[in-house]
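Please find one structure pasted underneath; my questions will follow.
A, B, C, D, E, F, G, H, I and J are the chain letters, set down in written order, and residue numbers restart from 1 in every chain.
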Amino acid sequence: MKKEILERFDNTYPNRDYTIEIVNPEFTSVCPITGLPDFGSITVRYVPDKSCVELKSLKYYFFEFRNAGIFYENITNRILDDLVEVLQPRSMTVITEWKARGGITETVSVNYSAIA
Amino acid sequence: MKKEILERFDNTYPNRDYTIEIVNPEFTSVCPITGLPDFGSITVRYVPDKSCVELKSLKYYFFEFRNAGIFYENITNRILDDLVEVLQPRSMTVITEWKARGGITETVSVNYSAIA
Amino acid sequence: MKKEILERFDNTYPNRDYTIEIVNPEFTSVCPITGLPDFGSITVRYVPDKSCVELKSLKYYFFEFRNAGIFYENITNRILDDLVEVLQPRSMTVITEWKARGGITETVSVNYSAIA
Amino acid sequence: MKKEILERFDNTYPNRDYTIEIVNPEFTSVCPITGLPDFGSITVRYVPDKSCVELKSLKYYFFEFRNAGIFYENITNRILDDLVEVLQPRSMTVITEWKARGGITETVSVNYSAIA
Amino acid sequence: MKKEILERFDNTYPNRDYTIEIVNPEFTSVCPITGLPDFGSITVRYVPDKSCVELKSLKYYFFEFRNAGIFYENITNRILDDLVEVLQPRSMTVITEWKARGGITETVSVNYSAIA
Amino acid sequence: MKKEILERFDNTYPNRDYTIEIVNPEFTSVCPITGLPDFGSITVRYVPDKSCVELKSLKYYFFEFRNAGIFYENITNRILDDLVEVLQPRSMTVITEWKARGGITETVSVNYSAIA
Amino acid sequence: MKKEILERFDNTYPNRDYTIEIVNPEFTSVCPITGLPDFGSITVRYVPDKSCVELKSLKYYFFEFRNAGIFYENITNRILDDLVEVLQPRSMTVITEWKARGGITETVSVNYSAIA
Amino acid sequence: MKKEILERFDNTYPNRDYTIEIVNPEFTSVCPITGLPDFGSITVRYVPDKSCVELKSLKYYFFEFRNAGIFYENITNRILDDLVEVLQPRSMTVITEWKARGGITETVSVNYSAIA
Amino acid sequence: MKKEILERFDNTYPNRDYTIEIVNPEFTSVCPITGLPDFGSITVRYVPDKSCVELKSLKYYFFEFRNAGIFYENITNRILDDLVEVLQPRSMTVITEWKARGGITETVSVNYSAIA
Amino acid sequence: MKKEILERFDNTYPNRDYTIEIVNPEFTSVCPITGLPDFGSITVRYVPDKSCVELKSLKYYFFEFRNAGIFYENITNRILDDLVEVLQPRSMTVITEWKARGGITETVSVNYSAIA
């Protein structure tokens, strides 16, 4: 299970809203139709509540997608869902930017807020 | 008919607003007056409702304009109309940026929102 | 008369607000004090109502200033006035950015809106 | 007196709010503590009322600081005060950006508005 | 004690809100887990009240972290707390941007405002 | 026949070796296998002998390839052969740089010299 | 066997030396020690003799390294050996540029010439 | 006569070969066919012998071409001839780089050496 | 002893000259006069003979200079001497590029060749 | 006397040719004709023999030109002469690059070699 790889540590400053942005420009997965690799960059931006994500475990979590066949739109929503479930942040944004295929690039961005 | 080339697939996350941005920097059509080629970049940004556009079919749709003679302003509005009709998105923006002719560049941008 | 050079064509999509941005990085006029040439870039951004400006005529209109002696501030306001009179747009912005003279650059920007 | 160097000319379009931005990337003064030169860029952005600043006189005004020993924060506020007094603009912003000293850069920005 | 290194000087223009931004792209500390060096850039942006921070003392304050083992999130909050205590600014933002480790970069940003 | 579109004009300075470099970043042809468009930039650099190529005719010559299906390597050698035959230059280089397909870009360069 | 994936097509211009440069900025393999992914860009530049490499087969050849554990230096020499064996070029250069690990980047370049 | 505008001053260091490079990115002339303006950048690089060119007079010399209709190739050779005649340099290079017309740019470069 | 930290591994392709370039943009040492930190980038480029340097050990070797007080010129020569002694390469270049101090940057480069 | 400000320190590695490049992008002097300030960047590149230039003294040496009226060509040759006299290097290059005046930039470069 991918999301069980994710580790967290206690937020030392829970009384204050602040923002953590993590960028991984070395993400790769596989196109579910052609089986050929896709390459992209993933940005995770969040306001932590009780927990922060441990960077090394996040790296291993991203590594789990290396040979998975999954669409751009689904991978972006899936990463948001996993990180929200594990971290329970006050808010979070996930952005994936994909290298050109056939001359066309795609970017997908999705937001979550604990205040519905 | 150009827009019938467009294919869609089901949005897996319809309960959530999220944004898809597609950029095609390799668009070309023909000037309706001189018959000479125009070159530009097309950006389509939308919040999907029930459907997402399939990238390869979008590429073929853009390819249909290759030898069509059409003004910058009309091509931009036309692409918005076609994509709105096929995808019924929650909102959409289409931006076309054209390479210089006589030292002058032009950018056209148009928005659509399902919430009138 | 400079502004009589400007030609327009009918806006095919008058029921929709959309934006046209034209950039001419090859503008030149003459300093009214020294008689030496000034070089700059002109940006015209507008929401058309019934008419759009024809690009080639706009190029000839800009060409009319080539040997005219006129201050940065006045040329910017003058271009806005001429284009508003000819096109009657819903809104318009004109921005001129001038190359350094004596190590100093200047940018002038002015807006018009039909909704006073 | 530095500010007496500043000359103005009549604003030809006083009935309209528009913005003039002047950038001088070749500013230099002297550190009041070490006596060593500081280098920076000055941006003046304002909406004129009755008067505009004459560019050549502004250049001479900036030149007056060449051998003056004055702190970053004070020089920024001082330039704003001088220009507001001479031009009586509707609003003005002055920004100074200083080259690194000891690996550290500083930017100071200050605003004025005639509408208190 | 690190924060006692910080020196301040009187704000000469306390009647006016203005902004000072200081960027130090040469910050380094040590990873508390691996003991290996981290490298980053620190931005401090504040509206001074009665005091401004003296740049050289700020440099020495940053230098104190050179061999300290401390997490990205904590160092950012700690610097904000120290500077707020010493300067009592009207508002302040601290941003730290860290070089890639394992291909992943992190940016942490935190704000303070005297008006709760 | 494509190359018959090319026009030339007399070199006014035949007693002197000098270099003319022409760059067309808006070249497009069609993949002979997939029928999908390819986009690239073409550079022609030559030392004229008796003739120079007329730019507008060169543009029309390049336009002839718009719907032709031809490999990168062959198009580059073909353009060199055509231009050498028409212009009889002292030397010539043709370089084509192609936009990424499947994440991979290709550049082809070929030289000609009248002095074998 | 990786190199058997490589396909070639006949060089249509064997009487002339010309250069083909192929860049794949989306290469990934696995560190033989840590098992973590490495990311890099591969450049292949060669003068063909009788054969050129077919781009799509080259892409599949590179894809074969995706889950292989191999050092930077060895992968670079291995790719040169494979391509020289299959294409028998007049000369060839292979360059691999690797993304930072622990803040350190590495580039490896190796040349081959048929004229010993 | 254009070249008579050029002024020179004595080279203070005639015993030493050294290089002076002058770049004017604000050159404009007129297309002899269409009458429309061309824009370009001119670079003059030379090793002086007895004389150096006075910069202000060079500026006025370039200004003389503002409304002249002349081809790219000829203007480049003409400037070289004029400057060589006036300055008698040990060597000189003139490069003109022209803004795109119809998507195509041109660069012309020509060298002179006193040692035939 | 710093250089004893350096580890090597066998060059798998000793029959061929090829080049390895390693860049560490995160180097820091201490000014021997002021005790303040210096920041720079180190490039090591070499043709291996029997051995290659192990990257992680090189990183630890560079880390040893973190609190050492040493001049730019000496650190560059010292690193070359250490690496030549340990690796016995066919040739090597070391380049250090230092961040500005007092607005002035310095770069030092030194070469070694086994063929005297 | 300006050059007497220059200090040197012993070259620790006199048995080896290596290169030191110093760049000062914050140079300013005064135009001898208009009295207005000129701004430029100075590069000094040399192979030391027995002595290296001390950076702080070089900074003060450059500072001496702050209010001196001197032509671009002469200042470049003068700096070379001063540094060669004080350092007696094996070879040296001085390059000055000046900010645009009237839209025109100038670069002057001069070389010295001890081996006549």
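Please note the rule applied: a contact is a pair of C-beta atoms (placed from the backbone, for glycine too) under 8 Å apart; a residue touches a chain by one contact, two chains touch by 3 or more.
Quantities reported herein were computed from a predicted structural model and do not represent experimental measurements.
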item: Between G-I and A-G, the pair with more C-beta contacts; value: G-I
item: Length of the line joining the C-alpha centres of chain F and chain H, rounded to whole Å; value: 28
item: Chain C and chain H, separation of their C-alpha mean positions in angstrom; value: 32
item: Centre-of-Cα separation between chain G and chain C, whole angstrom; value: 52
item: Where chain F touches two or more other chains, by residue; value: 26, 36, 39, 59, 99, 101-103
item: Those chain pairs that satisfy the touch definition; value: A-B, A-E, A-F, A-G, B-C, B-F, B-H, C-D, C-H, C-J, D-E, D-I, D-J, E-G, E-I, F-G, F-H, G-I, H-J, I-J
item: Residue numbers on chain G that touch chain A, as the complex places them; value: 26, 28, 36-37, 39, 59, 63, 66-67, 99
item: Chain F partner contacts - residues on chain H that touch it in the complex; value: 71, 73-74, 76-77, 101-111
item: Chain G-facing residues of chain I, complex; value: 11-13, 16-26, 48, 52, 55-56, 58-59
item: Contacting residues of chain E [partner chain G, same complex]; value: 36, 39, 99-103
